[in-house]
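Structures incoming, each one as structure tokens.
The following pair of complexes shares a single chain, subunit A, combined with subunit B in the former and subunit C in the latter.
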Partner chain A sequence: MSGQGMNLTLRVWRQAGSEDKGEFRFYQLNNVSEHMSFLEMLDVLNERLIKLGEEPVAFDHDCREGICGMCSLMINGQAHGPDNETTTCQLHMRRFRDGDTITIEPWRAKAFPIIRDLVVDRTSFDRVISAGGYVSVNAGNAPDANCLPVPKQDQEKAMDAAACIGCGACVAACKNASAMLFTSAKVSQMAVLPQGKPERARRVLNMVAQMDEEGFGSCTNTSECEAACPAGISVDNIARLNREYLKAVVFSDEGV
Partner chain B sequence: MFKVADSPLDGRVPDGAIADKWDNRKNELKLVSPNNKRKYEVIVVGTGLAGASAAASLAEMGYNVKAFCFQDSPRRAHSIAAQGGINAAKNYPNDGDSIWRLFYDTVKGGDYRARESNVYRLASVSGNIIDQCVAQGVPFAREYGGTLANRTFGGAQVSRTFYARGQTGQQLLLGAYSSLMRQVGAGKVTLMPRREMMDLIVDEGVTRGIVCRNLKTGEMEAHTGHAVVLATGGYGNVFYLSTNAKGCNVTAAWRCHRRGAYFANPCYTQIHPTCIPVSGDYQSKLTLMSESLRNDGRVWVPKSADDNRAPNEIPEDDRDYYLERRYPAFGNMVPRDVASRAAKERCDAGFGVGDTKQAVYLDFKHAIERDGEDVIRSKYGNLFHMYQKITAENPYQVPMRIYPAVHYTMGGLWVDYNLESSVPGLFVLGEANFSDHGANRLGASALMQGLADGYFVLPYTVGDHIGKHGSSLKPLGNDHPVVQEALESATSRVNSILAVNGTKSPDSIHRQLGQIMWDKCGMARTAAGLKQAAEEIRGLRDVFWNEVKVLGSGDSFNQNLEHAGRLADFLEFAELFATDAWHREESCGGHFREEHQTEDNEARRDDDNFCYAAAWEFQGVGEQPVLHKEPMEFNEVALSTRSYK
Partner chain C sequence: MNWLRCALSSSVGKKFLMAITGLALCGFLVVHLAGNLLLFAGAEAYNAYAHKLHDNEDLLHVAETGLALIFFTHLYLAFKLSAENRIARGRGYAESQSKRENLISKVRPETWMLVTGLGLLAYMLLHLADFTLEFRDTSHYEGLEPFDKAVSLLTDPISVVGYLAGFAFLFAHLSHGISSAFQSLGLNHPKYNAVIKWGGLGFALALALGNASLVFWAQGQ
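Then we have the complex of A and B:
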């Protein structure tokens, strides 16, 4: 497409508040440039709605660079839309065709209640981290950084897992709304690094317990989470979590 | 346009030799005993590197902390987006680095407009930051032997930058966030996400708390405590288009300014040389391509202005590697202000490339030939991926097109050596304060500053305030007159915005403000242009208050209302920005006044008349502010003309 932009039909979930019943509404948006990002396309829609006196569509976003994990959206049933390893804010309209109808919905999961329109509450993720996703070290206590050599391949593995942006796409993509990929990424990062070893048993036990308490579903290994993940987090991390969990149950004094 | 205060402003720098000042100060500071700490409450606004590290450290020490941010989780603060790295004077590569050299580079990089003593302290705690982060499990890049790896950043001739792929900010923030969440789990920190700070509560000249709007419910809440720590980031979005996240704002800082906190050097803005150029009028933000790319990328434009060949068809002889030509000693690694101006100079002279001619090339051809594509991918893969997503061009095959964009703000609330503002009990950290980077920040030093402030400076200095005042400051109830007044003023401001009911969206007015700022307060400024900018900003403020249209109500989740509120503050702040830029009749760092340049277009400082931090005191919207001057004294690093040749 060049010159003339695309004409699109948007089918957008609107819901005034957490207690309200939501519904899809249709909007026609014409002359959309292929160079726009998906969120810029929604900006254009919102500017138009304001002109027409309809409240703009609420959606979370901040960095618009694919790193803060604030943006979300199910786009035509896919978390963050059709591109691999791409957040909604990094998705561009050149991915769509003139005449397309695009369905836009919020993440749907019991542990992510809807706040308004496309915005959900993901504070359950924070609570999972606060259950154990850290190394217990106070500021001021650390020895010289090079006292603790870390093999390059371990550091790379830790970094692969640590790249998780906490957006929740894994939960949204999973038919059980499981948070295993999210939780396992943090467990893995700490499990492969020497810094994380002393607390590894209690970490995995506590984080998994919190995950269950938040109402996330269980993992049935469908790998939909990996396919949806914009940060390329691998399901290998889930296997590592399971090993960590088993070891903790069988060998540690932490108990379950 | 302004009045000048009679006496100079005192930064309360401790006595002694530069290397002893921080120890001397620590010895003077009052301590709060471990048992007493739990009786005190500290409010931390902002959960970026500065705020999260401060909140975690304060809680570890025993204080009760409430931590606020406007995002849904503290982990999403804008620090997460930092790409390139963090400096520290570890001298691991054994290439001659030292605390003194990092200090010197930072003072010089800041074009001699930073407070020497603060910069020295920053350099001296830099090593502890790396230790702390590694202990938390931050996966910094490593060599095969398992030791930490370094890269080079602009304005330095040593390798002192630590990094985690192109996601250093993410990893550092997740480290600080994990410490914060540990304290949340321990019950020492109460998280307050989706809250926007709307006002500062001050009683008898001392900070007592904040008013914030619960963004989920619209409710106005008052939170009081024994000290307030502000770590709310920078105000680059006054330009509308910048590399900052969309929510970055001046609101929290500006509200404190209106309650008496001086605002220092608002005109010092960093325009980053390597960003993806603007592509259309729907553009909502600009994307940075990290400075680290200049380690391997070479910047060039065609030698002939009307060369329309594709970049790969332009032979070496017809290319002008203008940074290497003009600055042989630093080449592509000159500081950002210098690189940005040089790009603008080439584009203004007609040598720009691409459709808009507002771009230059950043070329990796030689690095790929030398090291292979895999090595380049392992260093910068995520940046190349991002570039390709946005532009649909493959930077492994064709050079990137880049152009300068607003990136960082060196100005901020004025603080003394203890990071305490002019309102006692209000401390300001990170990008929100003004103290360490002078008129230009060197790459990889904002992350360093945020964490230095939060882990290693504030936890000591806040105790001094609490030690002195804590026992006499009883918590204020919601019925206290100053709390009532602050709550009412925040509520009535929201109501007045909703009541305008005009025809213009906040976004459209914000874009207009951005255009004024970019054209007249951007990379090249003149007295006449700045005066005109101030007038246009006043006009636009009237447009806002007469014509803005915000739908919905104040007592629900309303993003348009949030944006309008932030814009209203930008519209007040922008005038101070223009006034500050107009008053500073010199060029220094990121502040370039066309009237003040050398024959070869370098910035010309005026140390006789402007070697001070300009700290502005609020007198009312549209009223003439009062200028307080804090003299900048250079006892260690002799004032000289910066040269990167």
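Then we have the complex of A and C:
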């Protein structure tokens, strides 16, 4: 670290617990290095708060290298901050200017209740996955390589959809708090592969039903999710989910 | 038929119905505008069309009932989905900014669908009050042929302003509505995505300008 750092005003959402009303609190943070990541900046804030005998700001994080999907944060009204295809942990303070006021809010959705401060409960995503986001395979010997041909384009589509890290930025950025991008990515990664075909109808019906039950909104095709997604998941997956759903309703034996 | 009820009451199913009814209403608008463009062909052609249409009173009632059903489904779902979506968000953000790039305009019609839809509804009520229900002062076109009635109504100052505003709402609503409907129906493919996007926008513009042209034309009559 060299030279004079930035002086920032942080406007942070503080909420002692799920039942607490919550409010914004302002913190002045001086001499912030532009080389810090956003979460490191919050670490510095928390160390200072602890020294002062105040409660540190609770926020989710784990790998800090953009792959685990634990970090979140609405930064100045943008999920994971201003950069595209970047998680909060990969966002650096050089994106901000000396004297800036930064507003930090938790994801806001009925299906993501706030646990404390900036930490929200995203287990609703886990329940959507449990409803059908898997392939049932009997254990046994590994099959011969290449006995199940998969065209390269399909591999790529599945891989692109599987890039989803389940962080919930799509829900946070959507004006309807819809989880369609997440659910569609999880449906797509299996629907385009032969291993996922046998359960595809049941999968899409159950996952959509669970998504609705969790209280997520519905998709109005604003594409805000795609722009906010740190993994670059495309809304093409949402169209694929819609097709899968239509096919499952009209042609499959599910729900007879 | 439990499976059908289940499917249509799911979030995806409701968006499906929204898309189908929306596109059906667009179909009606095309036919309606095509008929009205006969105003350009002169009084004789327009009157013949209007009389022919109203000769089949029974058939017209069936068509109107169907149209009303489609319309009210679209309207009901609009309110229901908006209410559900508001609940799904819960407490909103203090600050919110789009991360989308290459936006055509800062004003994003996709975030104003309920408002533009309500604007369209207001226009439609005025339009029905004028032509079908004849709620407003009818003295200046009493006993006139359809062509003259249309010209008389289209030169009424309230109608001129209300209709042009309505067509602006129509453009805003459809500029997102058409492509959104295709996406909701799962019709998305790199081969024809551009056609849907720009075609939808062009269709919205053509409908709005086509309708507006009738209002401007009437001022010169």
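FYI, the second predicted complex is superposed on the first by the 248 of 256 C-alpha atoms of A that agree within 3 Å, B and C clash if a C-alpha of one lies under 4 Å from a C-alpha of the other, contacts with A are read in each partner's own complex, and residues count from 1 in each chain.
Throughout what follows, a residue touches a chain if its C-beta (ideal position, glycine included) is under 8 Å from a C-beta of that chain, and two chains touch if they have at least 3 such contacts.
Just so it is clear, the model here is predicted, and its values are computed rather than measured.
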item	value
Touching partner for A:L29 - first (subunit B), second (subunit C), both, neither	neither
Touch count on subunit A, higher of subunit B and subunit C	B
Touching partner for A:G53 - first (subunit B), second (subunit C), both, neither	first
First (subunit B), second (subunit C), both or neither touched by A:A239	second
First (subunit B), second (subunit C), both or neither touched by A:D144	first
Contact residues of subunit A, present in both the subunit B and the subunit C interface	none
Touching residues (chain side subunit C, partner subunit A) in the complex	2-4, 6-7, 10-16, 81, 84-85, 87-101, 108, 110-111, 113, 176, 179-180, 183-188
Interface residues, subunit B side, partner subunit A - complex	53, 56-57, 60, 71-76, 78, 80-81, 90, 92, 127-128, 130-137, 139-148, 164-165, 167, 170-171, 174, 177-179, 181-182, 184-185, 191, 193, 216, 245-247, 279-280, 282-285, 287-288, 385-386, 389-390, 392, 455-456, 459, 503, 505, 507-508, 549, 551-552, 556-557, 559-560
Subunit A to subunit C touching residues, read off their complex	11, 24, 74, 76-79, 82, 84, 103, 105, 108-111, 173, 175-178, 180, 208-209, 211-212, 215-224, 226-228, 235-236, 238-246, 249, 254-256
Subunit B-touching residues of subunit A, taken from the complex the two chains share	16-17, 33, 35-37, 39-40, 43-44, 46-47, 50-51, 53-56, 58, 60-70, 85-86, 90, 92, 94, 115-116, 119, 121-123, 125-126, 129-146, 148-152, 155, 158-159, 162-163, 165-166, 189-190, 193, 195-196
